[in-house]
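Heads up, the next two complexes both have chain A, just with different partners, chain B and then chain C.
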Partner chain A sequence: MSDMDAETTIVGADVDEMPDDAVEKELGIGFWVCIGWLATIGLVALLAPWLPVTSDGAQGGPREAPSMSHWFGTDANGRSVFDLTILGARTSLAVGLFAIIFGMVVGGSLGIVAGYFKGKVDAVIGFIFFSLLSFPQLVLALLIVNAFDQVSLFTVAITLGILAVAPVGRLARAATLVFAEREFVLAAKVIGAKHFRIIIRELLPNVLIPMAALGLLGMGVAIVAEGGLAFLGLSVDGGESWGITINDGRQSRDLQENPWVAMFPIGVMFLTILSLNFAGDRVREYFDVRETAF
Partner chain B sequence: MRQLILQRLALLILVMFAVTIATFASINLSDTPLKNFIAAGAELDTNGHCDAIRAGEMDDTQQLGQNVGDCEYIDRIKAENNLDDDIFTRYGSWLGDIASGDLGTSTTSRLEVSSILKDRLPITIRLVVMTQIIAIGVAVPWGLAAAYRANRGFDRVSTFASFGLLSIPNFALAVILLYIFGIRLQWFPTRYSNNGWYDELKSLFIPAITLGVGLSATYQRLLRTDLITTLQDDFVHMARAKGMPDRHIMYRHALRPSMFSLVTVFGVNTGALLGGTLVIETIFSIPGVGRELVEAVIRTDPPVVMAFVAVIAAGFVIINFLVDLLYGWLDPRVRSS
Partner chain C sequence: MAGSGHAPLRDDPNVLLTIQDLEVEFPVGKGAVVHAVSGISFDVFEGETLGIVGESGCGKSTVAKSIIRLNDIKAGSVDYQGHKLADLEGEALRRIRPDLQMIFQDPISSLNPRRKIRDVISEGLAVWGDDRGSWPQDRIEELMTAVGIDPKYGDRRPHQFSGGQCQRIGIARALALDPKMMICDEPVSALDVSVQAQVLNLLEDMKERYGLTLLFISHDLSVVKNVSDRIIVMYLGKACEIGNADELYEHPRHPYTRALLASIPEPAPTVDPSDGDIEGELPSPITPPAGCRFNTRCGHASDICFTEEPQMQRVPGEDHYFACHHPVEVSVGV
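Our next item is the complex of A and B:
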């Protein structure tokens, strides 16, 4: 899990600090391999309704080992694990993407406002972030999910989105604090630009870069959190997600007789999280964002 | 220093308020809070039939979806949780009770929440302690070995490995370890059992490894970074120049001043783990705090949910507070700012 301890976040964008022997930075081959994997998974998830995949039980016998007709085998209900993994990718990725976008929009705006106006506004927003971070991640998720009447794709996504608000917001706040002191912002102030304009035109484009780097990492965190909720029996009712399939496959008899039900989705999930983490880390290094809040 | 403590203490109190309000609101902020309090299966008194039954105007034969048992149950839940009061009064009395040590009564098992907590907490604490011992036990030698020849062969491989470890969700690692050591090799039991301390230790081993391995990667990276910085200090060069063996320098000279961030993150994670064991406890059927919380949510037992979340969050906040103080004590620069 991530450590929630985000003391200071420093965005190093100081041009004068550029080392003389600055090597031209590259994202590297590993980054593109990761992006390739993510793009593939994303595309397959997006196209799943038009692909011959189904979560019906009538596709094969129960507990068939992986074979040419069922690459990942079938589960206790005769459902193809390969199909479930593809359908699960839809939920997992959608939830992850929504969560981090929610976190960026809500947390990002709050963070920028806090960092720009400082003073009392900052104190109040900072306190909200601090309080949100006072709950262990899954405990907060449990509390929010519990407050909804039923668990749907939307409520899970909102829950994970709320979890992302504080870490993203803290990063946005710290980045804004740095940029708000820079000459171009002061110049805009001097020529009488309105607060709104300064925030949108001057600060937002600069703060977005570190936030984007965090976005990839944060999406991984959200996907894992969805899996955690699924293990607690609190993810999308009757839906498919990686967490739900893995949770089905870990029941003792399944794990003993057909471990592939859990292991294949675990593999796919691991590669996806690894790709998100690696790509996020590369982007962070590329743009020289020194610390993250996740 | 005193001012810092007072400031932090004020923040701590404010945060405790915020946390309890959020916890309480998540369950009570509803137009029919009663619905969040009664177990699935029992009918809400939507038609006001309970009043009629109570007044003797209706009996069981005319029940219309409401029976006397449910009415008694609803009355009891209402009375126990003051559901007829407005939300502010209820929050006040709940907080007052919690603060005076009365955590309430479970709506389903009729047990005192404090006695449930007393049963569950020690198990979670034992799991957290084992986890931390494993994590530190792995991370310290690993960090030393990686920093000793930074950016060389072993360090490269270990950076890669820690990256991989940090990318495995802990429930996935749990399933993999459960499969290998619990089912294939059968070295360890697949679920919690408690016939004596050795048996319990053995059954907590895989869960602790699962949680500890990911943590050790985090710790290792921190320790490695700090060690690399320390190893460039003058006193290390001095020790080298005097001809001290490398091993001695690493253990005796460099390790201690490099433990700084490790200690901080160790503390923060101890707090996070108290509430972070939900999934692992569920997988291995460990009757700890996390599993009880999850079960209370599923069986609709708000007094347990509220009290457990409040206790977990309080523990988390208080540990962070102590870590903050420790930080100030360890690093003189924080004291003055």
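Our next item is the complex of A and C:
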């Protein structure tokens, strides 16, 4: 072995080889269009109380076709579908957002804990996930919603959040299993880091990325699911949501004669879900750095 | 290759780490177990570099990981300065671990891709604060320089470094806790040959500078020979030969060691390369052969090798132990 001086010879040789900063990665124009749409919808929903929109009483005659005064037409009660769509966005987005946050916090924590500790902990948590998954989701949703006298925004969001726990949790568990075997986690153990620190510092940043991608997709699923519940007349009592407006719009011969009542909220919902899915997929690809295992 | 018995253990105050009758098994389902390590005993002096060599799957990494309890120990003891590591759990184990740090085989995988390398290196200090006190935060840059990473790159993430650089970062992370012992599990196997020498030199250099004891694991005999004071040759979960590096290389007594040495391509071999043909595959560690574990592939095997496990015995007058019924005779004058 030669007597190479570690500090001089090697430092020089090695450091000069430093590659330039990581190659610029692009999310692409499509991603930004989606984000733009989501931001617009989100902003409008957020600002709705201060916008000149209302769901109280008729603003025009019943079932008016779209016009300059009512862009999306009016429903059977003469309410502006445009106003209803904006107000509905508040409920739909809130439900979707809250449901997926609930799913990520509860499911994610359970999944990471299961994947990290394995053994009995994993068996118990795995059983919870499988129970949630083997129960028909619609029945589960009906059970939970029916357990409350008054269906509130919170009830719907919690219901859908519980349904999101198992899929998110299983993804978190699978990702954790992959990373927990990696040597940097062993290294943290050898250093003497406590379990909590290892989970927060080493595992969470890695597991969060696939979870975030799934979260965007899951939010779309939750919004659709809220629509499904509304279709069964089980969404927020006396409120507006896309699902509720769509449900109103399919009554009697509305779909044939004045399809705008259902079609406009469906269109907005469709674009929103599409944006969420597309953005979620791009996020996943973007963060899919060389060494990640997904 | 049996290699059971305590003959190689030395009664000496310089002993830092003693492994006795270590056994590790891994369940592989349906009640079957892999006998990864089946009763191995050795010790390490303070300041010594002990090399462990053997084929893939012989249990050398398992021995390394067992010492710091990264896998469960079925039986045996690991004695580090009076601490019975095999019996420690929870907080007691956590407190002792910083003394024994580890360098891993895959340098990229051993660094968290989402953390800046400065945070990676100072993780030990973040965990222990002033408890251990040897490397205050402001000396992280000094440490980075010492391992050959320019501190100005501290904010970069691991994927922006080469394999050799990542291994240096791993070494810095281990050094930050001022460990007594470094367990190097194939630290250069994943690196280019040109970078291997740099990292080996760095390890030697750090060993000198910080008074480390090294446990150096590799399947590459030429690498092990260069860095080790003492060497253990392992086969299928057992030790077959233990001894002073030069002595072992010049006078290998075990047919397996001899075969391994003969397999090194060398311009002037110390053993006849024709000695070195190991035929067949490594037997399954789920059902290891009875008697000497090398019997299925050994040219010298006789009846006793299939029934009786050879015990470790000492070469008179030498720091050299082997476990074989038919040791290779040392030709006079070599």
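We adopt the following convention: the second predicted complex is superposed on the first by the 261 of 294 C-alpha atoms of A that agree within 3 Å, B and C clash if a C-alpha of one lies under 4 Å from a C-alpha of the other, contacts with A are read in each partner's own complex, and residues count from 1 in each chain.
In the analysis below, a residue touches a chain if its C-beta (ideal position, glycine included) is under 8 Å from a C-beta of that chain, and two chains touch if they have at least 3 such contacts.
Every value quoted in this text rests on a predicted model; they were computed, and no experiment measured them.
**Q** Under the stated touch criterion, which partner chain does A:S69 make contact with: chain B (first), chain C (second), both, or neither?
**A** neither
**Q** Name the contact category of A:L234: first (chain B only), second (chain C only), both, or neither.
**A** In the superposition, A:L234 touches chain B alone.
**Q** For A:Q251, is the partner it touches chain B (first), chain C (second), both, or none of the two (neither)?
**A** Neither chain B nor chain C is touched by A:Q251.
**Q** Per the contact definition in the header, classify A:T40: touching chain B only (first), chain C only (second), both, or neither.
**A** A:T40: touches no partner chain.
**Q** Considering only touches as defined above, state whether A:V224 meets chain B (first), chain C (second), both or neither.
**A** first
**Q** Go through the superposed model and pick first if A:E183 touches only chain B, second if only chain C, both, or neither.
**A** second
**Q** On chain A, which partner touches more residues: chain B or chain C?
**A** On the superposition, B touches more of the residues of chain A.
**Q** Where on chain A do the contacts with chain B and the contacts with chain C coincide?
**A** Common to the two interfaces on chain A: residues 1, 4.
**Q** So in the complex, which bits of chain A are touching chain C?
**A** 1-2, 4, 6-7, 10-11, 13-15, 17-19, 21-22, 182-184, 186-194, 197, 201-202, 205-206, 289-292
**Q** State the interface residues of chain A toward chain B in the complex, per the touch definition above.
**A** Spelled out, the residues of chain A in touch with chain B are 1, 3-5, 127, 130-131, 134-139, 142-144, 146-147, 220, 224, 227-228, 231-234, 243, 246-247, 249-250, 252, 255-256, 259, 262-263, 266, 269-270, 273-274, 277-278, 281.
**Q** What residues on chain B touch chain A, complex-wise?
**A** Result: residues 11, 14-15, 18-19, 22-23, 26-27, 29, 163-164, 166-172, 174-176, 178-179, 183, 190, 214, 218, 264-265, 268-269, 271-272, 274-276, 278-279, 282-283, 293-294, 297-298, 305, 309, 312-313, 316-317, 320 of chain B touch chain A.
**Q** Applying the document's contact rule, which stretches of chain C touch chain A when the two form their complex?
**A** Residue list for chain C touching chain A: 65, 68, 70, 94-95, 97-98, 100-102, 104-106, 108-115, 120, 123-124, 127-128, 145-150, 153, 159-162, 164-165, 168, 170, 173, 177, 197-198, 200-202, 204-206, 226-227.
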